[in-house]
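Shared between the two complexes below is chain A, which has chain B as its partner in the first and chain C in the second.
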Partner chain A sequence: MVIVVKAGGRALQSNMENIARNLARMSGEGIVFVHGGGDVVTEYSKKLGVTPIIVTSPSGIRSRYTDEKELEVYVMTMAGKLNKEIVSAIQRYGGKAVGLSGVDGGLLIAERKKKIIIVGEHGRKRIIPGGYTGSIRAVNASLINQLLQAGYLPVIAPLALGAEGEILNVDGDQAASWIARGIAAELLVFLSDVDGVIVDGRVAERLTASEASELAKKIGPGMNRKVALASETVLGGVKRVLITSGLGEDPLSRISTLQGTVIGE
Partner chain B sequence: MVIVVKAGGRALQSNMENIARNLARMSGEGIVFVHGGGDVVTEYSKKLGVTPIIVTSPSGIRSRYTDEKELEVYVMTMAGKLNKEIVSAIQRYGGKAVGLSGVDGGLLIAERKKKIIIVGEHGRKRIIPGGYTGSIRAVNASLINQLLQAGYLPVIAPLALGAEGEILNVDGDQAASWIARGIAAELLVFLSDVDGVIVDGRVAERLTASEASELAKKIGPGMNRKVALASETVLGGVKRVLITSGLGEDPLSRISTLQGTVIGE
Partner chain C sequence: MPELKCPVCLGSVKIPDDALDGELFEHEECGAQLELVTSNGSRVLRLAEEVGEDWGE
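What follows is the complex of A and B.
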């Protein structure tokens, strides 16, 4: 059984050792790990004196803009610091981990937005270059499969290669979903800082892809994107997606019991 | 024919595009690339406000000490920034590159100096922990061979895994030599910023391993270590080591003509 596990920066920062120890135990059994780490990137941007650029879309959504300096910190933090810390921790616990980024071997190919429309001062619209952010369009499954077959646990940082060979920043959850679909994983696990998808004050235990897709429209920001993506992932051929907590001493024990919210079937 | 090419930070900083274009052309033909980049690490240490610690050994040799903060910058710069810039450049020119560090899959295993003796103020000797620097002791050749067989060009950053699973900083030339011996390469190429080993004002074209070992005792710092290492590499089973310039438009064309200093045979 092939499983893709994704952990965001928060679960990793507070529980890296337990996650690494659990991963080490499953190393060589068809596990792929994808990590986030946006908060750590923000921390190092500050340390390096890179001022964040916040842009506002015509529909009012404010987001962080990735210019060349911001991308540099992103690459150093994601593919350098975090990736190698996770890889060395897994190996300290006896696993065989190989750290890669989506740039390596064209593992993830993304499309960069050439231009974006932003709303400047006095509400005036302006067109600016799209920055170094991409939407994933393809995955090189063969490289991941070769590493799995050789008994390694691939640890993947959310970078991608653009059409002109440039490095792009991509969303970690999207990266995990594309990889799970690309290698035909049976399960994609999102380790978050909550117990699952909360509906009416309780964890929703089982959702079909279409229920998840409907629910995504009604729930809070952050989790809505994860639930919509889980639905897409199931429709893309992955049997189940598990959204569960990455906290506690044995966070990956929730995989065998499917504790949390299961989307699929 | 399997060839390991090593380029230091200086050749890379001044000639990255040409080196990447040449590597892309040879991609899939049994090439492994090892990079340095100490100068770039120093630059980012300054940017991050990490004060370099210089220690003096009892024999009077002054060297930079790698504490935890310095190691962090080293990992971010080497395995993050430089490694992914090289990998994306090679792919922009049509090659298939996969970036790794010595930490990944236990590619390079090193021994950390537990304690070192330094000479402090007033000439007083002190024993301090050895810092995060290691001497390489083993190489995992199978991971590199698997990537070569799958048609990839491995691009390797000089990090290593210590006995306790910690990340260590290792010398790039040493890393290249160990890798060349580990995968039984026929040629190891050191791309430097000079045309070869200069003896009596000219490039020494051919040297046996024992001539190189003798010569190493008489020549200037920097090149002496490279020549001694070249001799060791040949004695370790690599047929030839080429020390040549990494500058100019087609630096890797010097490989087919063996232009520079050849140690071996």
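What follows is the complex of A and C.
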């Protein structure tokens, strides 16, 4: 079974060793790992004197605004430090990992956003230049499949190649979703810092794609984006998406028991 | 509060004094989504293009 696992920066920062140890155990079994790490980029931006600009979309999604300086830090941190730390940790635990970014081998092709809409300082909507962020349009599935067939565990940083060969910052969850659809994975796992999608104070265990799509309109920022993307992923041909916690000693053990919120038909 | 012309229905649109270039205003009379821009030193409204949301990491 081919599985794509995505861990956000918070789960990774607090539980990198356990996630890497679990990944190493599953290495060679058709696992692809996609990482986030926005908080680490912010930390290094500050260390390098580049003030991060966080913008808010009209629907309340907060994201990094990537100008030229910010992109330099993003590439250094995501494709460099963070990616290599994950790869080295997996190898330390006996796994066979290869670190890549979406730029390598044209793994992820994205369309650069020329303009974006943000909520400006007066609380009104404003159009600003899009910076170096992109929307993914294609994935080089054959490269990933070749690595999997050779027994490697690809560890992928969320960068992509633009139409003019420029490097772009892309959303890690979107990258994982595109990769899962591209390689026809059976399962996409989002490791987060909560146990699943909370509805009325409890974890919703099972949702259909259409239920998830409806629910995404009613839940808080951050998780709404993940749930909507999970729905799109299932409609795109991936059998199931599991949203679960990346915390604890054996976070990937939740895959076999499908503990958390499962979105699927 | 300055008033600018709507390029769609040619009606009047009130713009706040502190409005910045790129800000979007919906013209209540005709429903057009308009973008404030500076063109040849003058502030004008133009029909806003469709723009998606930012999806960076």
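In the analysis below, the second predicted complex is superposed on the first by the 238 of 265 C-alpha atoms of A that agree within 3 Å, B and C clash if a C-alpha of one lies under 4 Å from a C-alpha of the other, contacts with A are read in each partner's own complex, and residues count from 1 in each chain.
The rule we apply is simple: a contact is a pair of C-beta atoms (placed from the backbone, for glycine too) under 8 Å apart; a residue touches a chain by one contact, two chains touch by 3 or more.
Treat the numbers as computed from the prediction; the structure is a model and nothing was measured.
Using the contact criterion defined above for the overlaid structures, shared-chain residue A:Q91 touches chain B, although it does not reach chain C.
By the touch criterion defined above, A:S59 lies against chain C but remains apart from chain B after alignment on the C-alpha atoms of chain A. When the shared chain is aligned, no partner comes close enough to touch A:T233: not chain B, not chain C.
In the superposition on chain A, contact of A:K113 is made with chain C only, not with chain B.
In the superposed model, A:S45 makes contact with neither chain B nor chain C. Look at A:M78: by the touch rule set out above, it reaches both chain B and chain C. By the document's definition of touching, neither partner reaches A:S213: not chain B, not chain C. Put simply, chain A uses residues 78 to touch chain B in one complex and chain C in the other. Contact residues of chain B toward chain A in the complex are 44, 47-49, 72, 75-81, 83-85, 87-89, 91-93, 96-101, 103-106, 142-143, 146, 150, 152, 159, 161, 164-167. Chain C contributes residues 16, 18-20, 22-25, 35, 48-49, 51-57 to its touches with chain A in the complex. Across the complex, chain A meets chain C through its residues 36-38, 41, 55, 57-59, 61, 63-66, 74, 78, 113, 115-118, 120-122, 124-128, 130-131, 133-135, 158, 169-172, 174.
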